[in-house]
Each structure stands twice: as structure tokens, then as C-alpha cells.
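Below are two complexes that have chain A in common, paired first with chain B and then with chain C.
Moving on to the complex of A and B:
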């Protein structure tokens, strides 16, 4: 009984603030507070009419889509490679690839800006954002794909090779179908990571906006109730993607 | 057939080198450069590091303290939640884990904004306190304070602490706990002598991760900290943008990073010692 109360308090603390934002995105009052006024979709209507939000929305979606494809590719290849080397080498490479996730994103973001602007004389923009997101997403892809490959029966690939399949054919016809669900899950998690990121995007986007830098602009200037609506859209996208990823890949959070 | 390297790793490692390793090394080099007439010049000067030590010494210490506090709170709370999910929640355990994974992706800015709405002068908490008659006018100290920053950071980082702790709790067998109980151990003894020693690696990685991310954060103190709750990350940003002093910004970044790593290494050494010492008392 006491544990139920404790867990209830935890869930209230963890989910309460997030739920609040969602609930008030449908409230007629401009500020979060009770009574919340009637039910309204006005704040969403305002966003639909806002061209600034449109471009931020599409920028975020294309960043998320590109990150999902590319991080899943680099991560999948690395996971396959890591299964073939000594355990010591696996640990070392995994630690190196996870390092960008462990350092403050502010430092990583600034370092990227310094290289691209000062070091290479290139500009900033969406491709740089995507590169930053691949960097952060690929260790998660590797973990998910490696967890699947560890339960994978290598004999099926050997059988295909014995029967005359080329390496590529064996991969395409035997390995790929078996790890497909893990790959989809990894791609969805990568997209969620890209959508959720604010710090790397805010430094590397140059001009323009992603959804999170768009929210940031509003948070800094006025108390704009449409923030609740944008936050809810973002939440539905990231939580939806990650929940779907969990379901598809049956990943249970092994780290 | 086992080797140390193969070609499949090349794309991921190329991204790591090009977007992380080279930029970080360049950033480190920049901390020794100098700025003349708003132009960045390659140099070998310790001016930026001197600025870090003289101007930002106290702030670095405060930032480390906030990180330490948030790291400890997240680890303690994360342990309680993970312990309950593992041993007390029965069939709801998996559901609690899914709730945790979902709050992980609850949106970084969204969470900070939510706390702003809760703690603000006309926020939810003040409204509730006034409605209950506990106060006549809004309490201004709820937001723009050190406490607000700590609460929001704990909220943001708690899922990151729960997951590794839960993963290590999965390896603690219920049979060992039953055995300890049968031999007369109290509930508290079971936790301190059976459960915690076996989950120490998970507890430590939870702490290290939360500590690093809390100490390196700048958005939370910017929006919720006011003037008293400022942290070093904000000044990294300030040096890079407003002051156009890239060397100083770089020295600040690495100064904070080195300080964090020294602290974690010290704690790891301390933890290792503590684990070795009273082991006899357990078995």
C-alpha cells in the first residue's frame, strides 16, 4: 500500500507537469491556471495559420527523417562490425561512440560550430544539424541493433552462404528480414531524438527554425499560449515515435 | 576470425571523427588563441584560462555543487522508483518502465516551460496556495531561484537515472533477498547489504550521467534561475555570442569539463574503496 502511494507520487511528479501543458493547450485562458476556461482549439488554429510555424515544422520533419535514415545506416553497419571483433575492442569502440552523449550538448554544439564556421569556412544549416543528430543518435541505434543481433542465429547466414548465396544476398535475404523490426525501432528512436533536440539545433541551424528553436523564440519573448499547443504537438510526435519504437523493436531498455 | 577492427565501423567512426573528435580538439586549441579587434587569431596564450580561473572560479564551484545535488537527488529518487518497479509493483513493473521511457522523450523545452507555468508568480502553485488561504499574495521566490533550477533539472534527468538503476536491479535475484530475510535480516539490512552492493555500477553510472548533464546545462538556469541561480553554461554562451570571446568560451567549457571529470574520478575512487572495505561484514 505504502509503495503504491510512493509510486503514485513519483508518477505525479514525472508526468504531471507534462500533462498540464497538454491539458491547457485546449483551454480558453491565455495562461496556465484554474479555472481554465472552456475547451478550445484556437491555439492550434493559430499555429495552422502561422507560416513561421509551417517552415519550422517541415524543417524539423526533414531533419528527423534524414537523421532516422542515416543514423540507422551508420549504426546498423557499426553494430554488425562490432559483433565480429574482440569483446575488448567492442567495449572501446562503444565507449568512444557514446562519448558525445555523455558530454554537455552545449560543448558539442559549440565545437561543431567552431569547426564548420572557423575551421572549414563552411556555413551552418540543416545538413549540419543532421550531422549533429546522427552523432547523438547512432550510439542508441547500435545498442538496439546489437541487442537484436545477440539473439540472432548466425547458422542461418552460414546455411545461406553454404547454399551459394553471396555475402550481400545472404545479408539481404537472411539477416535483414530478421533484424528489420529492430531497425525500424532504431529509426523511430533516432527521429525522436532529432525532434527532441534543442541545443545542437539552435547552434547549428544558422538561419531558420526547427520546432524547438521556434518554441524557444516564443518562450523568450512573450507568454504566448500557443507554446502549449506546439509543445503538445512535439510531445505527441516524440512520445508517439518512441512508444511505437518500443512496441516494434520489443526493446526493454537494456543499456 | 576475431579482430580489433573491421570496415563496417568506418561510417559511424567517420561521423564521430568529423563531427565530434576533430571539432572538440579544435575547440580545445581555440582556448589558447587570442582575440584582437574582434578577430580570432591562432596564438599560444593562457589569457582565456586565466580569465576562467580568476573571473569564473566561484561560479564553477557553484555549478559543480548544483550538479552534485541534482546527481545525488536523481540517484536516490531513481533508486526508490526502480526498486519499487522491480520488487513491489508486481505486474505493473513493466508499465512503470514504459512510463519512464516515455517521459524520457517528454521534450526538454516542454518540461522547463511546464515548470515555469507551475512556479511562476501567477503560476499554478501560487494559485493553489492562495486558494487554500496559506498566503495572501503570490510567493515570488518560487521561480527565478536556485531551488527552481534544481527541481526542474531533477524532473528532466530522473528518467536517465531510473533506467540504468533498473537495468542493474534486474540482476539482483529474489532468491538472495528471500535467503537474507530467512536468516533474519531486516528490510533495511536487505537493501543496504544485499541490493545496493549489487547495483553499485548502475547507481554510479546514473549519478555520473545526471551530474554531467546538470552541471553542463544552461537553458534551465536561463529560464528558471534568475540572477541568483546562474550557472557556468550560460557564461559559455555569453562569451561565445555577446562578448565574441571564443577563447574564453572554450576555456570555460573545458574548465567545467575537467572539473566534472576530476570530481567523478574522485568519487569513483572513493566508491571503489568503500566497496572493498567492509565486504566481510556482508558475507
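Moving on to the complex of A and C:
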């Protein structure tokens, strides 16, 4: 019994704030706090009418989409390459590639600005945001695809070649269908990571907004529940994408 | 260069090294059309490497591989008239049985009717005609093996390669599949080469056996030739039950430690004499021996004999009543015909 109470308090501590955000996004009062004053969808309606939110929303979606495609493509090639080298080399490369995940996001964000904007002269904006997101998402793609390739029977590729397939045809007809679910999962995880990010985006987006930088800007001027509505939308998107990714890729956490 | 007598598959001086390690030492092998050839050897002897070189998955370090007179040494597996049955089968898990079998023809963009017809024909050959729509993971090991076979045979390969085709099956299924393979080989009259570590499998299926050890081919020949006249001590020891007796050759005459003497051409020096157990028999004036053990196997009796030299000799008798002659401790005289022994120069 005592353990259930402790577990209950723990869950309340962990999920309570998030639950409140969602609850208040449906509250009629303009001030965030109890009593909420009844159920309403006004705050969502306000967002629909807000052109600033529109552009932030589409920027976030295109960043997420581009990150998903590019991180999955490059991560898949890296994973296939890493399967062909020694385990020691694989560990070393993975450690290096995982650094952007382990380092403080602030450091990564500054590094991206230093390299891409100051160093290479790319202007601030969506392309640099996507480059930064790829840097963070790609290690996850590599791990997911490698986990799938570890269970992959190389003899199926050999068999395809033996039956007359070129390397490319064997990849397209035999390898790709077998790892497709892992790739879709990896793409969804990448999209979720991109939607999630605030720090890299705020450093590199320049004049525009993603959803998270839009919220940041709004927080400093207003404090009405439309922010809660945005947060709820973001929550549904990222949790939904991650859950879908886990389901599609059947990823069990092993490498 | 093609003529009626030219071998279908010809390996000349083919070898493979991985860095400093020699996986396959230079070897020659001729396989005629219609042959059922076994490459026999213990695990790690290089037999799979040899098979993968014939298939085109591994490029030889040196030498030449020709199939039907055409040099295929530098061709990839997709360009060779060979097809392979893999040890782990390598079936495509995302395709049905019929789609697996049709894979090669579909790549060639054959007409749909032809593909359907030949797929059905191939499935009938391996007795899986009603399994076409099944998915691969709903097949037993033996059925998967048959699908792999059908998928290779549908290509009508000049040479069918099989990598330890029966290793993953249990004993009963293995005997069944041996029968199947013999039937299919006879039915389509193709040329099969398979790799195995099981000498009884090699003898049951093949009409040509190449025995390999540590990357070298020790002997190539018919099963009976290999069994009765092993070229090396390794072959004698690896293939079947055998007795190896030590002796010495001086001026064309061999004297065994066990006491026997006979003429044998060759250089002076130590030799070994190989005798198969079923060629040994009780005879007057033979070598005196003491029975140490006799085991009844139903169809035969295996007798262990101690010779004056201290060496052990095995005798196998198919006489069911022989048991009474071979009680442990009994003294018997044994011998064998000179044609049934093989003299090998000791290393």
C-alpha cells in the first residue's frame, strides 16, 4: 500500500505539471489558475487565427520533415557502413557521432553558429536549423538501423545477388524492404527530436520562428492559455511521433 | 575451347589468402557435366571459401575458374551460370514462398505466364506445390530447405552449389533430404557441388569427392577410391573407420612393426599402412593377435585386436555368428589381402 502511495506521489510530481498545461489549455479564464471557469476551445481558435503561429507551425513542420528525411538517409548509410568495420572501430565512430547528443545543447548550438554561420557564411534560417537537428537526430537513427541490421541475415543479400541482382537491385529488393520499418521508426524519432528542440533553433533560426521559439517570444509578452494550447499541440505531436516510431520499428532498446 | 570431353567446371591453380592466412592453397578441380561432387573436410578447412569462390562471392587470389569453357574468374555472382543453396537458406522473409522461388526470373523480367509456370514446376520438383502462398516464417526447417532448393533450381543453373545443405536438419529429416537430393539430381540431370563435413553424406550423394584439410585438397576421386585407397594419412583417418599401422621401407620391401612383410615400391623410410576394418579377416598364418573388445552392432560386429607390436587393429565382421570366435582374451590370427591395403609414406 505504502509503495502505491509513493508511486502515486511520484507520478503526480513527474506528470502533474504537464497534465496542468493540457488542462488549462481548455480553461475559459484568461488567467492561468483555478478556478478555470469552464471548458473552451477559444485558445486553440485564437492560434488558428494567429498568422505568427501559422508561420512558426509550418517552419517547425518543414524542419521536422527535412530532418527526418536527411537524418534517416545519412544515418542509414552510416549504419550500413559501420556494420562492415570492426567492432572497435564501430564503437569509436559511434562515440564520436553521439557527442552532439551528450554535449550541452547550448554548446552544440554555439558550435553550429560558429561553423555554419560565421565559418561557412551560411545565413541564419531554416537550412542551418535543419543541419543542427540532423546532428542531434542522426546518432539515434544509426542506433536504430544498426539494431535492425544486427538481426539481418546477410545470406538474403547474397542469395539475391546469386539470383542475378546487381548490388543496387539487391539493396532495393531485399535489404530495403526488410529494414523499412526501422527506417520509418528512425524518421519519426528524428522528426520528434526536431520538433522538441528549442536551443539550437533559437540560435540559428534568425528572423523567423519555430513553434518553440514562438512560444518563447510569446511567454515574454503575454501569459494567456494560448501558450498552453501550443504546448499541448507540441506534446501530442512529439509523444505521438515517438509512440508511432516505437510501434513501427518494434525497437526494444537494444543496440 | 569447348569440346565434348572438356569438364563443365574447371578450377586451375585457384587459391585464396586473407592477408597472411592461406584459406585455400592452389588447387585444380575438374567437374564433368552431370557430376554430383562433394567437397568434404572438417570445419575451417576452406571448403566453404572454395564454394563461395565458385559462386563468385569471393575473388580468388590466384588461378582461374572456367564454367563451360568460359572464364568466370572475375565475374560477380549475378553474372555466373551458378546458383547456390545457402547454409542458412537466405530466404526472403518479406516475400511468399512463390515470390521467393520466382525472384530470379522476375529479375530477368520474364513474361508473367512463364514465371508462374516455372515456379509451379519448381515447387512440384521439391514437393511444395500447395505452399506457394505461404509466408516463409510459417515453414518448417525442411520446407525452408526445399524452397531454397527450388529458388536456385528454377534458374536452371549449369552448376548448383550447396553449402552444408543438410547441416541444420535433424537426423531423420537429413536422410529424407538426402533421398530428395538424389532424386532431384537424377530427375533434372544437373551438375551439383556440395560442401559437407559429414563423410557418410558425401558418400551417400556424390560420385566425386574432394577431401580438403587446412586449405589443401588431399585427394580427389570416387567415393570407393577414397575409401579404399586414401592418398594421405589425413584422408585415411578422416574418412571412415580405419587402422593405421607403422612400418619401414628398405630397398622395396616394407616391414611392419606388427610383423608383416611385403614388397612395395618407393623411397626408403618410414611408412604407414592403412587397412579398412571390413577387409580384415581371420586367417591361418596371419598376424597373431589378442581380442580386447567385441561390440555387436546388429548388422555387424566390431572387434578390437591387440597386435604383437602393441598397435590396435579393428576388424569388422558381418557374420552374425562370429561373436563366439571373438571373446575378449581369445587368440586369433588375422590378415588381409595386399590389394586391400594402402601404403603411405609417413611424413
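For this structure, a couple of remarks:
Here is the rule we go by: the second predicted complex is superposed on the first by the 249 of 255 C-alpha atoms of A that agree within 3 Å, B and C clash if a C-alpha of one lies under 4 Å from a C-alpha of the other, contacts with A are read in each partner's own complex, and residues count from 1 in each chain.
In the analysis below, a residue touches a chain if its C-beta (ideal position, glycine included) is under 8 Å from a C-beta of that chain, and two chains touch if they have at least 3 such contacts.
Keep in mind the model is a prediction, meaning the values are calculated, not measured.
After alignment on the shared chain A, the placement of chain B and chain C results in a side-by-side fit free of clashes.
Once chain A of one complex is fitted onto chain A of the other, the partner contacts of A:18 are limited to chain B, with no touch recorded for chain C. By the document's definition of touching, of the two partners only chain B reaches A:85; chain C does not.
Of the two partner chains placed by superposition, only chain C is touched by A:153; chain B is not.
Note on the composite model: angle chain B-chain A-chain C, taken at the C-alpha centres, equals 100°, rounded to the nearest 10. Residue contacts after overlaying the shared chain place A:161 against chain C, while chain B stays out of touching range.
Look at A:177: by the touch rule set out above, it reaches chain C but stays clear of chain B.
Taking chain A as the reference chain, the count of touched residues is higher for B when chain B and chain C are set side by side. Judged by the touch definition given at the top, the superposed model places A:192 against chain B, while chain C stays out of reach.
In the superposition on chain A, A:48 makes contact with neither chain B nor chain C. When the two structures are aligned on the shared chain, A:73 is found in touch with chain B, with no touch to chain C. After superposing the two complexes on their shared chain, the closest approach between C-alpha atoms of chain B and chain C is 9 Å.
Within chain A, no residue touches chain B in one complex and chain C in the other. Remark: chain A residues 153, 155-166, 169, 173-174, 177-178 touch chain C in the complex.
Only residues 3, 6-7, 10-11, 13-15, 17-18, 20-21, 24, 31-34, 73-75, 77-78, 80-82, 84-86, 88-89, 93, 96-97, 99-100, 102-108, 110-112, 114-115, 118-119, 131-132, 134-135, 138, 142, 192, 196-199, 212, 215-216, 219, 227, 231, 234-235, 238-239, 241-243, 246, 252-255 of chain A touch chain B when the two sit together in their complex. Interface residues of chain C facing chain A in the complex, by the touch rule stated above, are 55-57, 76-78, 82-84, 86-94, 103-104, 107-108, 148, 151-152, 155. Those residues of chain B that touch chain A in the shared complex are 1-13, 15-16, 18-20, 22-24, 26-27, 30, 40, 77, 80-81, 84-85, 88-89, 92, 94, 96-118, 122-124, 127, 155, 158-159, 163-164, 166-167, 208-209, 212-213, 215-219, 223, 233, 236-237, 240, 246, 249-250, 253, 256-257.
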